[in-house]
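The two complexes that follow have chain A in common; it is paired with chain B in the first and with chain C in the second.
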Partner chain A sequence: MLHRTVKVLNSEGLHMRPADKLVRTAVGFQSTIELEREGQIADCRSIISLLTLGAMQGCELTLRAQGPDADAAIAAISHLFESQFNENQSNIQQP
Partner chain B sequence: MLPDTGNSLDVHARMLELQGIAVSPGVAIGKALVFDREGYSIARCLVSPEESDGEWERLGVAVELANAKLEASRDKTTASWGHRLGEIFSAQQQMLLDPRIHSEMELLIRKKHYSADYAVSQVFAKYAAAFRRASSSFLADRASDVGDVERLLLESLSGKPTATIHELPHEAIVVSHDLTPGETASFDASKVLGICTEAGGPGGHTAIVARGMEIPAVVGVGNFLHYIRSGEEVIVDGNLGLIIVSPDDATRDRYLQRRRTRQSIAEQLQEIRDLPATTSDGVRIELMANVEFPQETQTCLDRGADGVGLYRTEFLYLGHDSEPTEEEHYQAYLQVVRDMQGRPVVIRTLDLGADKMGLVRPEEPENNPFLGLRSIRLSLRNPALFRIQVRAILRAACAGDCRIMFPMVTTLDELRSARFLLRSVSEDLLAEAVHIPCAVQVGMMVEVPAAVLMLDRFIDEIDFVSIGTNDLTQYTLAVDRSNDAVADLYQACDPAVLRLIQRTHQIVSERGKSTSVCGEMSNNPAHALLLVGMGIRTLSLTPAAIPIIKKAIRSVTIGQCEAMAWRALRLSTAREVEAFLMNQLAGLVPEIVLQA
Partner chain C sequence: MKFSVFVSPKAIRAQLSSNTKEGVIKELVGALVASGDISSDDQEDIVRAIMKREELGSTGIGRGVAVPHTKHASVEKLVGTVGVSAEGLDFESLDGQKASLFFLLVSPPDRPGDHLRALENISRQLRDDQFCRFLRQSTTAEDIQQLLEEADRSQFGS
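Here is the complex of A and B:
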């Protein structure tokens, strides 16, 4: 199983929109993908379990993936965290 | 409690009788409207095992329908407001299709034979509750998203808008696990025929509101939501604490007959409305009303109340999200004082626990709220909040005979601090040239045994005393009567409580001041006669009970009451006292005993 530590950078934390994007990304992979916060584990295909983590800005999570495309899954999801789920970008786009 | 039916569906075929706690008298017959914990109506809870596959398919269809609706909302919102807002609906879609939620719902439908609606409400309510409990406000806000998705899914299942407890589609008997203060406060009294809940006790807000609105209610029935579906006929017997689901013809006829008899007794009682509550040998007993809402004054006058002996002000705080303004307090008090046309009105200051006021952080709940920061303690700790209420009471006092009463006073220091604040508020108002009366009577509630033991020190600093028998019983016997496990130990007629009442009356009357009793004891004819026999001359009770208590008082002599009290005070257990009083009442006023 591959794992990596990711950090919530966007100001509003892992709320509805970022969690939605995370699920959309996760369902594109065959691997099982999980996020863990202080012993609590969330399935990345389930938005409700991601929200239950209550991960706010600055929170560190362990990302884990197991399966044929685990490498790519870890890379794609880490990228989402690093790019702050494009949350800030869409702010700028607003008129 | 519940019959073991093997298959729970059998119970629908025949009558089911359940015992709960009677908290608001009267009988209601009507169609049930079952509400889940989020306040949404549910068609029915269980299906037969053969129907489970059908329910699962029905849920699948509803999910597709709800998904299409969310998609339409998303597109429409995105077009008008941009991606960022549109994505909220996309996230709600994700919640609707969430694999974890679906596997939990499938388990409930296939293994436990829940209806699709009930499975939806159970699973979504679980997450909404978990989010609300969470310490971060970030998650608490998500509870409303969960609620939105739940409601949409329930509407897709039933094919019609889901009724909420705030807007009933038709007259109904409200059936629920429990009701929050917000839900009860926004009831449409013209549509709620009766109330029955799984949880709750005699002192809970459901009980208080039901009595205030004169809606028959039975609470604390235990788990029974599984056995009832919306639309089924239900009888709520608020006198005996019974719930009857799908009554047979004989039972329904019996209840209809009893209702007619009761109406005719009520009409007879109405004839003595304008006569005073005087014993047959001429001792006048003041019968005051306990009220919750300003609108109740009309009921008080209709029932012939001598005044308002207890105006509970808590609902000013509970109905709203924000704290009430001085003007909101003032308008409510002014209405009551004016409507009572010169009759005395006793306004009790805030009597709530900190937990009910949103002043306790949810992550640090009080271990023991009844022994915690509540009532006068809470007011003294929050002088800004307290001053607003006291200002409004003093201003309203110009309109009639308005008195102020402090609840749950335990120590002399508390009484002095409250009086100090009262004086300082009066001085402020005078300095602002606001018109207030030169003197307002100040009283305290006796609810804590310590106050009874020290009453000789309190008495010179107050004008009147009112005994709150509900809390006095709870604090004397160390019983939380909302706790089902010990509720039976709560006995207002326990000799220990009677001795405290007797001692209170003795100390107060020695100084030539008056004691009233404003707890539930006053609502019970046998208890009321006992109190009169002990020397109490003012009773404050729920308006609905005034006619029957007046009838009881007019049927007896003061000597009979005194003899009854003399003997009751020599008994050793609550059970003996209760049995003796019932026996006495049957002898003295048989016509009202038959009514019960």
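Here is the complex of A and C:
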């Protein structure tokens, strides 16, 4: 199983729209992908599961993937975190 | 964040009469006006803002649940309500299923943490099949209120 630490950089945290983007990315891979915060594990294919993490800005999470495309999955999801889910430029008024 | 912190008991609606997305949003925002949590002067603007947020992607998150929400400068603290629709309705949810449980949230623009903690609590409770089933079967606001209180007391209600 591959893993990497990712950090929530966007000011609004891992709220609904970033979680939605994360799910849409995760379902494109065959691997199982999960995020862990302080022992709590979320399935990246489920928006409800991701929202239970309550991950705010600055929060560090462990990203794990297992499967044939685990490498690519880790890269794609890490990129989402690094790019702040592309939300900092627009829609500042909307949570 | 417990339900009791952000759900206004007087604004809970057990039998929503609307059968459209916009109708339900209007009905629940109206309930928050009737309960005194938001001003009637802001009612239309809040409905518009919530509908605009829906355009970015439905807040129907699956399991028959939707969490329509917006930020609005008129509120000083996070306010929310819960509505149940017996038949359910098309909310353009991510999983394509009808939505029957609604958690509507209006939060101050400068408090993203509170919004996130409310979402965290809602989603934790939703993982409990029994909670979802009982909520769907609730026919009075009192039943819903009682269920939320029980959830607040449970181990997940942090």
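One rule holds in what follows: the second predicted complex is superposed on the first by the 90 of 95 C-alpha atoms of A that agree within 3 Å, B and C clash if a C-alpha of one lies under 4 Å from a C-alpha of the other, contacts with A are read in each partner's own complex, and residues count from 1 in each chain.
Just so we're on the same page, a contact is a pair of C-beta atoms (placed from the backbone, for glycine too) under 8 Å apart; a residue touches a chain by one contact, two chains touch by 3 or more.
Bear in mind that the values here come from a model prediction, so they are computed numbers and not experimental data.
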After the chain A overlay, clash or fit between chain B and chain C? clash
Is A:Met56 contacted by the first partner chain B, the second partner chain C, both or neither? both
Partner chain(s) touched by A:Ser11 [first = chain B, second = chain C, both, neither]: second
Classify the contacts of A:Ile33 with the two partner chains as first (chain B alone), second (chain C alone), both, or neither. neither
I'd like to know which partner A:Ala65 touches here: chain B for first, chain C for second, both or neither. neither
Looking at A:Asp20, would you say it contacts chain B, chain C, both, or neither? Reply first, second, both or neither. both
Once the shared chain is lined up, is A:Arg45 touching chain B (first), chain C (second), both, or neither of them? first
Need the overlap of the two footprints on chain A, from chain B and from chain C, as residue ranges. 12-13, 15-17, 20, 23, 46-49, 51-52, 54, 56, 91, 93-95
Applying the document's contact rule, which stretches of chain A touch chain C when the two form their complex? 11-17, 20, 23, 46-49, 51-57, 91, 93-95
Give every residue of chain C touching chain A within the complex, in rising order. 49, 52-53, 56-57, 59, 61-63, 65, 67, 69-71, 94, 107, 109, 112-113, 115-117, 119-120, 122-124, 126-127
Could you list, by residue number, the parts of chain B that touch chain A in their complex? 82-84, 87-88, 90-92, 94-95, 98-101, 127, 130-131, 134-136, 138-139, 142, 145-146
Which stretch or stretches of chain A touch chain B in the complex? 12-13, 15-17, 19-20, 23-24, 43, 45-49, 51-52, 54, 56, 90-91, 93-95
